[in-house]
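Across the two complexes that follow, chain A remains constant while its partner is chain B and subsequently chain C.
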Partner chain A sequence: MSIENLKPYFPWITLAVLVLLVGALNPSFLNPASLVQLVADIVPLFIMALGMTFAIYIGGIDLSMQQVANLVTVVATVYLVQYGIFVAFLCIGAGFVIGAASGWITTRQFVPSFVATLAMGFIALSGARFLSGERALSMNADARDASFGWMFGNTVGIPHELVIAGLLLALAWFLQSRTTFGRALKAVGSGELAAVASGLKVDQIKILAFALSGTFAAIAGLMFSVKLSGGDANLANGFLILAIVAVLVGGTPLTGGVGGVINTLVGTLIVVVIRSAMVYLEVDATMQQMIFGVILIVAIAMTIDRSKMRIVK
Partner chain B sequence: MATIQTADKAGTWVGIGRETLVKWAPLLVLIVLCGFFAAIEPRFLSTRNFARILIAASPALMVATGVTFVIIMGSIDLSMEGTVSVCAVSFAFCFLWLGGTLASWAWLALPFAMLVGAALGFVNGLIHVKLKIPSFMASLAMGFVGTGLAMVMTGGDRIRIEDELFRSLLTERVLGFPLMVYVAGVFLLIAWFIQTRTTLGRNFYAVGGGEDLAIASGLNVSRVRVLGYTVAGVFFAVGALLAVGRIGIAETATGNDFMFLSVTAVVVGGTALWGGIGGVWNTLVGVLIVFVIGNGMVVIGLPGYVQDGVLGILVILAVILSTDRKSISFVK
Partner chain C sequence: MYQLNKVDKKFPGVHALKAVDFKIGRGEIVGLVGENGAGKSTLMKVIYGAYQPDSGTVTIDGKAVRFQNPRQAMDHGIGMVFQEQSLITNLTVMENIFLGFEQQFVRFGVINWTAMAKAARHQLRKVKLDIDPSTVTSKLSFAQRQLVELAKVLTLEERIDGDLVILLDEPTSVLAKEEVELLFSLVRELTSRASFIFVSHRMDEVLELSDRIYVMKDGEVVDVVEHGQANIDAIQHKMVGREVDKQYYREQKQHPYDSGKTLVRFDRVSVAGKYRDVSFDLHPGEVLCLVGTEGSGREAVLRTIFGLERPSTGAVAIKGNPFHRATAQEAVARGVGYVPRERKVEGIVNGMNVYENMTLSQMGKYASHGVLRIREEKALAENWIKRLSIKTPDVYKDCGGLSGGNQQKVVLAKWRSGGSDIFLLDHPTRGLDIGAKEDVYDMIREMCDDGAGIVLVADTLEEAIGLSHTILVLKDGEIQKRFDGSPGGKPSPFDLVHHMI
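Coming up: the complex of A and B.
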């Protein structure tokens, strides 16, 4: 087997090397129960990264996800008592609409997605601040347990969060690999002009891709809100950059067309292993950010497949 | 029928002046915004208020100017938050160590901070070019390293700079505007000089306009890229110095919020993210648009929670108005 054949597996190899390395330095890291807990804790981040994958897969980016999630935490908290479990539809609908609006602005108004989604994020932030009255709200505990208590249970040792993440991953994978829509996404990401020339409705596909990323952001926000039992216009802050990093480390380049949701799974795990390894290895808190940056450079240098990149921008 | 005729008329009118119109669109947007805010609240037009806008905008202008060069090359630099923090903190330590007042050898801290910025930019460029990591990711990770480094250096503390001579950047006013505004102006002219009057500046456009062509013409694209990031680093450092001059404190958080702000300003000014189009004057207009919107909303008394959303809508409108739709087939 040559290096060429191994290339698609570089992210997996990086992940395995990291886990073994940290495990060798501190064996308690490999304790199955704590590993499961570790993975369960990052489910909202993973869901957000899944959504981000769709935006990046077509060569765009969605910077509104964090604010959409923020907005959703507020919406969920405010309307939970009124609508019960159906508040989920409201949340997901909001995410879909905001994502679709970003997509429309990008494709029909020619505003680069970097700016369009950033600006849509500001609009979502306004909504969150208005709706929350600029306060941190907490959920009605009874209504929360009645409607969403199932999200955080355990079945034979498997946290339900992981089941939800698994189902969403399967759904995203199905969309990406087993539907016409998924193939169209790949076509748009690999070469938009060629996709247009082949008669694909590129605008619709792109708008739908952004709508999907908005939807996933909303689901992440909803889980986050239930988990922390509250809503706040800043609750999900800090997740955006990590979600982008997770997608890119997994091997989906910003130019689009390559990679996909499975890569994002690996990327998210790599990010989480790096982050938690620093806690396990007792790295000084002030040093963590710097070391994270350095390891990130090393990880991405190892994982990205440069063979399909002619020019690196 | 009438509507069709008007549309035709408008079409021809735009047809004649299309290029000119697109070129000046950001400036028109800025003027319209100023006019709008002034109509609602005349105090918007006072020198005091303009000074306020320019004070707030100066550090961001320097950071945005730096990233303009990188964006002209078709790359992106997201390391500014880290670089600004490290430069600010390095400056503060060096300044205090050398005596703590500009009247002594401590003035050396100013060029030192710019060297630090250049070094960080250089490393950033090297990582991007030598390791072939896309600039978005390379510079984002370098930003983490920078923020982390500033955190390690300060241990989370704030460092106060109380030297009156250095603070005169803010306190000393000429014609109603503080010195830092003029400093930013001088560096903007330097940036303009680099952009239009140096080979390096022209090479940025060559790389951004078409990298294949640039390589075919024998241009050492890697070198141009690394130098571009280095120049950007120096401007980030100047931004850091002005930011410290403005609030008198250097800390890890000094660099916060510069990333999205500066890239947004560059795009709003009409510099295209895919490279080759735009320049430092566009960035000046873009930064002013963003800060005029921010200031204007406060002056006319919009409630806080509306302001983010209005900023978002206006930014989208500004980009739509300053984009030449006929010349592009799609955006990413």
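Coming up: the complex of A and C.
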């Protein structure tokens, strides 16, 4: 078995090694109850990374996700009392529309996705600031418990957050592996020109991929908002880089076409383990972003398919 | 003065240059002709240092030299004027002329623009171009840019000692008649400064300008003709003349087509800048071959049928229905299958397996409400792997890892299994070995027998003639001549070349 054949398993190996390493340093890390809690805590991040997977899988990127989530925390907080549980539709619809707009700008106006989504992100951020009046808002506690309290319960020791994450993962996996849409995403990611020459509606597929990443960002924002019982234009800050790191470390390269949502699960777990290791090792909070920045660069350099890139600017 | 002795160059699967001898004297103009793939470009690349020969020697004034890259060749006085112009269009003329050699004008780290302009004017005078050297290159006409390119190469004169050899690759292909005349008189005058190697598709021009002509075929120099004795017909015979094996192109399996039905009708179709006034009918069972040089518009015709180019005037009808909003999706829905020239980039998706590639154009047929029936996809793939004897360990093999011939079979299986009956084949045998080529020829006959119509852009003239029922010769975007290719009455390559160049 050569190194090349092993490559798809690198993320799993990395995860296993990291878990054992951190477990050796701090045996209490391996306590099942604390592990479950640790994982449950990062469900919003995982959902955002799932969405990011779609954008990166087609060879693009969605930098607006953090701001979409920010906007959604505000929308959810402001309209919860008025609409109750149906505020979820409003939130998810907003994510879908913003994502689709990014996709439209990318495919029809030929603006590279990193710029298109960056710009849409700022638009979403402005929306969040305007709607929140630049204040940190709190949710109406009664309305929150009535509509979304179920999200944070437990059934036979399993936090409901994990169940939601599992369902979304199953849905994303099904979309990616079992549907014509998922197959088309793979074709666009691995060989867009061949997809065009096979008569696929490549523009539509790309727009839908960005719409999906926007939708997942909105779901992540909604959960985060309910979890913290509030909304604020800066609430989800810091998620973006972690979501990108999770996707790339999981083995979906920026060039797209390989990897997928299961890889993102592994990648997210790697991020969590690294983060908790840094807590045990008492790495200063301000240093953590720096470390993730370095990991991001290393992950990109290791996973990218250079045969697909002629010029890098 | 400059000489190649028994120069040999091999690429995987191709013997590109076979013991080529070549020489050029001071002040000479030497012509180089040959069909596509005869080895002209490889030879030129060896001369200007982009390729290194596998064996044989290159000598200048008797001394052996070896160039690792074009820059070293330039240092020995060898310059290239590229067909696709190598000027950077958003720089000024003088910046282009001295690109990479600005150091001579630098004082204290800053470029002395006045000095550069003066030097550039001197170079431009050599090519009789009276323009301001600080003009941005994109403002120049094509002919002017070509002269700037020549001026750029002529800077070698000041930079090096010794003689200059300048390669001109298809310099006239986009020039008007008068511009060609100007260029030729200029080149003749410049022979006092340099020797020229002139490559062109236009035989009359090569004859007019060259002191000596090298004729290439299949990587060999098959003839060297002196200026006085040159005769177009004789040279063209040498360029193409090889016996065509009827069996090889499966002529015995060529059956008459059904002229009662029309699959594709082009009625005076034009695409701006690509081709004009093209009309033809494609019938079931017919192989219609578009013949012409690179840029004659043949690929653009294929792309129009597939909906990737929109006609500016004229009407395209597929199976009797006009094509309104041309898109590839509509073409596929109407039974058009496209086998692109860039097999690895446009043909297969590198990174997807055999069955995923085969159903890519027809996923709807293997899905209920958007959910794929993967078992049926695999069954389809296994069936076609057997039918076309595709060599792959299983249906899970990444198509990027298959050999060229098997990749092509996967592409053909994709369209055939989807029920396409109009096939657009763009260089379907490019880069395949002989066995794989014969497989493709067999498949073409088989598809015709199934009632499909095929529009073909072939790799060689022999292939075009051997395979086709009808041949359309295109030149500069216009149909020059239509030939009938029924077995027994096929034209010769020589007949076609007449109308191509």
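Note that in this section the second predicted complex is superposed on the first by the 275 of 313 C-alpha atoms of A that agree within 3 Å, B and C clash if a C-alpha of one lies under 4 Å from a C-alpha of the other, contacts with A are read in each partner's own complex, and residues count from 1 in each chain.
Basically, contacts are C-beta pairs under 8 Å (C-beta built on N, C-alpha and C of every residue); 3 or more make two chains touch, one makes a residue touch a chain.
Fair warning: this is a prediction, and the values are worked out from it, not measured in the lab.
S.K.: Looking at A:S113 after the superposition, I want to know if it touches chain B, chain C, both of them or none. Which is it: first, second, both, neither?
M.R.: In the superposition, A:S113 touches chain B alone.
S.K.: Using the touch definition from the top, say if A:L193 reaches chain B (first), chain C (second), both or neither.
M.R.: both
S.K.: Identify the partner contact of A:R144: answer first if only chain B is touched, second if only chain C is, both if each is, neither if none is.
M.R.: The answer is neither, since A:R144 touches no partner chain.
S.K.: Looking at the overlay, does A:R183 come into contact with chain B only (first), chain C only (second), both, or neither?
M.R.: In the superposition, A:R183 touches chain C alone.
S.K.: According to the contact criterion defined above, which of chain B and chain C contacts more residues of chain A?
M.R.: B
S.K.: So which bits of chain A does chain B touch that chain C touches too?
M.R.: Comparing the two interfaces on chain A, one with chain B and one with chain C, the shared residues are 193, 196.
S.K.: Help me check something: in the complex, which residues belonging to chain C touch chain A?
M.R.: It is residues 306, 308, 328-329, 331-333, 338, 340, 342, 345-352, 356, 360-361, 363-364, 367, 370-372, 374, 414 of chain C that touch chain A.
S.K.: Given the complex with chain B, which residues does chain A contribute to the contact?
M.R.: 59-60, 63, 105-107, 109-116, 118-123, 125-127, 129-130, 134, 192-193, 196, 202, 241, 244-245, 248, 253-256, 286-294, 296-297, 300-301, 304, 306, 309, 311-313
S.K.: Give every residue of chain B touching chain A within the complex, in rising order.
M.R.: Interface residues on the chain B side: 74-75, 82, 127-129, 131-138, 140-149, 151-152, 155-156, 211-212, 260, 263-264, 267-268, 273, 275, 304-313, 315-316, 319-320, 323, 325, 328-332.
S.K.: Enumerate the contact residues on chain A facing chain C in the complex.
M.R.: Interface residues on chain A, with respect to chain C: 178-181, 183-184, 186-187, 189-191, 193-201, 257-258.
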